[in-house]
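Both complexes shown next keep subunit A, but they swap its partner, so subunit B is in the first and subunit C is in the second.
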Partner chain A sequence: MSNVSLKGLKKSYGSVEVIPSLDLDIRSGEFVVLVGPSGSGKSTLLRMIAGLEAVNDGTVSVDGEDVTERDPGDRDMAMVFQSYALYPHMTVAENMTFALRMRGTGEATISKRLADALRMLSLEGLDQRKPGQLSGGQRQRVAMGRAIVRQPRVFLFDEPLSNLDAKLRARTRIELRGLHDKLGATSIFVTHDQIEAMTMADRIVLLDKGHIQQVGSPREIYEKPRNRFVASFIGSPEINLLEGDIRDEGGTIFFEQFALRGAWPDIQPGPYTLGVRPENFDISRAPLEGGVSLEVGAIEYTGSDTFVFGSSPLGELTVKIDADGQDMADGLRAGETLHVRPAAGAWHLFDASGSRVPEN
Partner chain B sequence: MAAHHTEIKARRNRRWIIFSLLPAATLFIVLTAFPVINLLGLSFFHVEWREGAAQFSLVGLDNFTRLFTQEDIFWAGVRNNIIFAVVAVSCQMVLGFSMALAVKTAGSRGRAALTGIFLLPIIVPPIVIGTMWRLIMGREFGLANTVLGLVGLGPVDWLGNPDLALASVIFVDVWHWTPFVFLLMLAGLESLDGEVLEAARIDTSGRWQQIRHVVLPMMMPTIVITLLFRVILSFKVFDEVYLLTSGGPGTATEVVNFSIYRTFFRQDQVGYGAAMSVVTLFSITLVIILARAFVQRRAARRQAAA
Partner chain C sequence: MTRRSLGAVVANSIVWGYAFLILGPTLWVLSNAFKYKIDIITGATFSPFTWINFQELLFSRQSDFLMNLFNSAVIGVASTAIVIVIATMAAFTLVYLEVKPWVRWALLGWALLFHMLPNLTFVGSWYLMYSSVGLHGTYFAVIMTHAVQNLPMALFLMISFVGALPRELIQAARMDGCTYAQVFWRIVFPLVRGGMIAATALTFIFSWSDFAIALTLTSRDTMTVPVAIATFAQEYDIRYGEMAAGTLLSIMPALVLILIGQNFIVRGLLAGAVK
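So, the complex of A and B:
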């Protein structure tokens, strides 16, 4: 178990700055997910930690030890690649033990660790196969096995689940997280998939254009997004972001026609953005006091929930009708009108610069 | 009905395949198989030129008997050619592979410059190469001896000394053909999976381990093809020998192709030259078949062991 500390890390390709300057501390035994849209610098950051990418400035240290200038092979880190990157000319067993053999680890240790890993990953009986004879899921396991047998200080994952089909991906998520807990390792996991980030992470690091937008537990990120970018990146379907004005009417704060009772009593009036997640609406067929009408455009039925996409006087809205409201959802047709109102307390307010306005 | 229909379609398809392959196949047979058969036929004759016409007289295996019992120069050429092939091709493979690795690791600007410089020798026409190296390696006024003279060494008779001449020819051949090997190796390296190479960087300590255990095994198909190609071409070496030493001094740089050329064209012994060609052709073919069988057997054995 090891902590990883990044200080003032910078990366640019010519005049293109990929990571302007980044600080991050990863605690020992933690599962950290780096998530962001493409071009956010998340993969570059992981590759800098691995040593595959040169660092322009700043330091990478593991357990307080500066490894910035070390070769990737001398950092005691193992990496699982998106394409798995198995050695095509080696068998499963040779692939998994390669790093140990290159380090001159004893034969007894190697075969014990190999047997453990094969069992842990249910790869028994496949150890003499070549990668070309394995299915995608099996290759993915071999790639993980190759990392596990090394018992490295840090595990690095570069979108290792994105080549699996949806069903296998969901199962592997749970298995991978289980492995992490069993091994007590420090893991850094890169993905563009917010579901992977939310379900697997102890802490999420949300990146955009090389800047850390927010670091926090999945819950913190979802419930207290620090800015508009974080709010709209995490959550599916996306959060509703409504543009409008805040005004004070005799002590009650209004955002357009919505009364924001109890929150932000001292707020400055002016233009703001109100964020409301699709599940945080009161929905009714009859008009709601302080609500808006919603003309139904499209309906998506997912089994447990129904999502309604429509237009309101404040712009396009997505609202979720959960299992309790299925009676209402059943007869709903496009073109009909619903009435919706943000549920009390589930408001996210962002100022003109996009930053979250803290609740009192 | 449907089965009948597909049958017609299959037949029509087969006819289409045969007819579309026919022109290429005919051309191949006429241009490749026919000369070989003709050569084989010629090797059983003694040909003389009399009154402007060729006189063929059947001599059976006489040409072959003579080749295996009385010939010296040809067999000296075979010996030289084997030395030439082994040394020159080994050097070319090692150098070409190392250069390709260096270029692959270099940055994009360095890569363009290095590739340009490395490729120069293949662009130069063979006649220019021969003349150029004769000027460099000349005994009296050669550049090599002039430079050696500056540091008080030499002069060395690069092409006239029987102990050195073959080495000099090998040197020029290495200079000439290494870029070709380099180019094929670079193409091979570029086609390797980048993530696998990165995985190797993480799993190994040191560059040598990566090359020995990951890059070389993955490059094997390219290496085998290049090696085969270069070995065959090195048994066909002619221009360099002709221009640098003409096979001399004595038989020091005699090679198979040169013996055949001399027998055919200088001495007008067409039948005897044909016999030499036939022996050379079948020996090389046999070696290739054996080498391939060996490689395949080894691959099969490794597969079976796995």
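So, the complex of A and C:
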């Protein structure tokens, strides 16, 4: 178990700055997910930690030891690649033990670790196959096995699930998290998939254009997004962001026609963005006090929930009708009108710069 | 007849016509290897069969053909070995190590330009160079010159084979603790072996069939097969039969190499590496 510490890490390709300057501490035994849109620098960051990308400035330390200038092979980190990168001319067993042989580990240790890993990943009996003779899921497990047998201080994952089909991906997510817990290792996992980030992470690091937007538990990130970017990146369907003005009417704070009770007594009037997640609406066929009308444009039925996309006087809105409201959803057709109102206490308010306005 | 089958007939005729244009004369020359001189000169298509040309070529006192074959083999093998070793390592360096792009382009551009100019532009200079250091007529002179001549093509081939390896494979090997030298020997080398065999076959064939360089730089002792065949045509006597027999014998190694090379360029060698 090891902690990883990044200080003032910088990376640019020529004049293109990919990572301006980044600090991050990853605790021992933690499962940290780096997530962000493409071009956010998350893969570059992972490769800098691995030593596969040169660092322009700053340090990478493991357990307080500066490894910035060390060869990737001398950092005691193992990486699982998106493409798996299995050696096609070697068998499964040779693939998995290659790193140990390069280090001159004894035969007895090698065969014991190999057997353990094969059992742990249900790859028994496949050890003499070549990667070309395996299915996608099996290759993915061999790639993980190659990392596991090394018993490294840190595991690095570069979108290892993105080549799997949806069902297998969901199952592998759980298996991978289970393995992490069993091995007690420190893991850094890169993905662009927010579901992977939310379900697997102890902490999420949300990146955009090389800047950390927010670091926190999945719950913190979802419930207290620090800015508009975080709010809109996490959550599916996306959070509703409404532009409007805050005004004070005799002690009650109004955002357009919504009355925001309690939360922000000292707020300055002016233009703001109100964020409401689709599941945080009161919905009714009859007009609601302090609500807006919603002309239904499209309806998506997912089994457990129904999402309604429509337009309101404040802009486009997405609202979720959960299982309790299925009766209302049943007869609903495009073109009809619903009435919606943000549920009390489920508002996110962002100021003109996009930062969250803290609740009092 | 439908339009489609008409098109097929035309296309087939063109292909067969082209094949005939190339194969016809070749087959006729080769058939001369088994004819008496008088039949060759009178242009007889069907004539008595004889091994006399081969006997003259290989076992007559005036003929050095066996030595010419040996010379061609020495020069071909040595220059090809040099070319393949350098081209493979250089391709790995150019593709995977952080070589500045302008270095790569300058090197490739220079190599290509050099390869595009006709040999005859250079042979005069080479002759003077080797003569002035006393190396004219040695194996060394021809081997070095063939290496220089064929390196650009082999380098291009190997760059495309090495460049086709997924980058993550190299990175995975680096993570597993390989130095770049170990990456080359344990990962890259086994995976581009097919490409190396293809490049080897081509380079050897070029060296084997070269005429201009060998004519200029070899002496009687180091003369190669193409030059020897040319000497069969003399002022008062053209030994058509022996020329044909020599040609037939000199085609053999190239033919074998092409067949082997073809077998080794196996598609899907990389299947399973990624995805």
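Observations, loosely collected:
Here, the second predicted complex is superposed on the first by the 360 of 360 C-alpha atoms of A that agree within 3 Å, B and C clash if a C-alpha of one lies under 4 Å from a C-alpha of the other, contacts with A are read in each partner's own complex, and residues count from 1 in each chain.
Simple rule for what comes next: a contact is a pair of C-beta atoms (placed from the backbone, for glycine too) under 8 Å apart; a residue touches a chain by one contact, two chains touch by 3 or more.
For clarity, every value in this text was computed on a predicted model and none was experimentally measured.
Look at subunit A after the overlay: subunit B and subunit C clash there. Contact with subunit C, but none with subunit B, is seen for A:N163 once the two complexes are overlaid on the shared chain. Of the two partner chains placed by the overlay, neither subunit B nor subunit C lies in contact with A:T252. With both structures placed on the common chain, the touch criterion links A:Q128 to subunit B but leaves subunit C unconnected. Contacts of A:M77 after superposition on the shared chain: both subunit B and subunit C are touched.
In the superposition on chain A, A:S111 makes contact with neither subunit B nor subunit C.
Once the two complexes are overlaid on the shared chain, A:R139 sits against subunit C while remaining clear of subunit B. Contacts of A:T91 after superposition on the shared chain: subunit B is touched, whereas subunit C is not. After overlaying the two complexes on the shared chain, residue contacts for A:S311 are found with neither subunit B nor subunit C. When both complexes are aligned on chain A by C-alpha atoms, subunit A residues 50-52, 71-74, 77-79, 81-83, 85-89, 98-99, 102-103, 130, 146 touch subunit B in the first and subunit C in the second. By the touch rule above, subunit A contacts subunit C in their complex via residues 47, 50-52, 71-74, 77-79, 81-89, 98-99, 102-103, 130-134, 136, 139, 146, 163.
Across the interface of their complex, subunit B is touched by residues 50-52, 71-74, 77-79, 81-83, 85-89, 91, 98-99, 102-103, 128-130, 146, 150 of subunit A. Within the complex formed with subunit A, the subunit C residues making contact are 166, 168-169, 171-179, 182, 187, 190-191, 268-275. Of all residues in subunit B, those touching subunit A in their complex are 193, 195-196, 198-206, 209, 213-214, 217-218, 220, 306.
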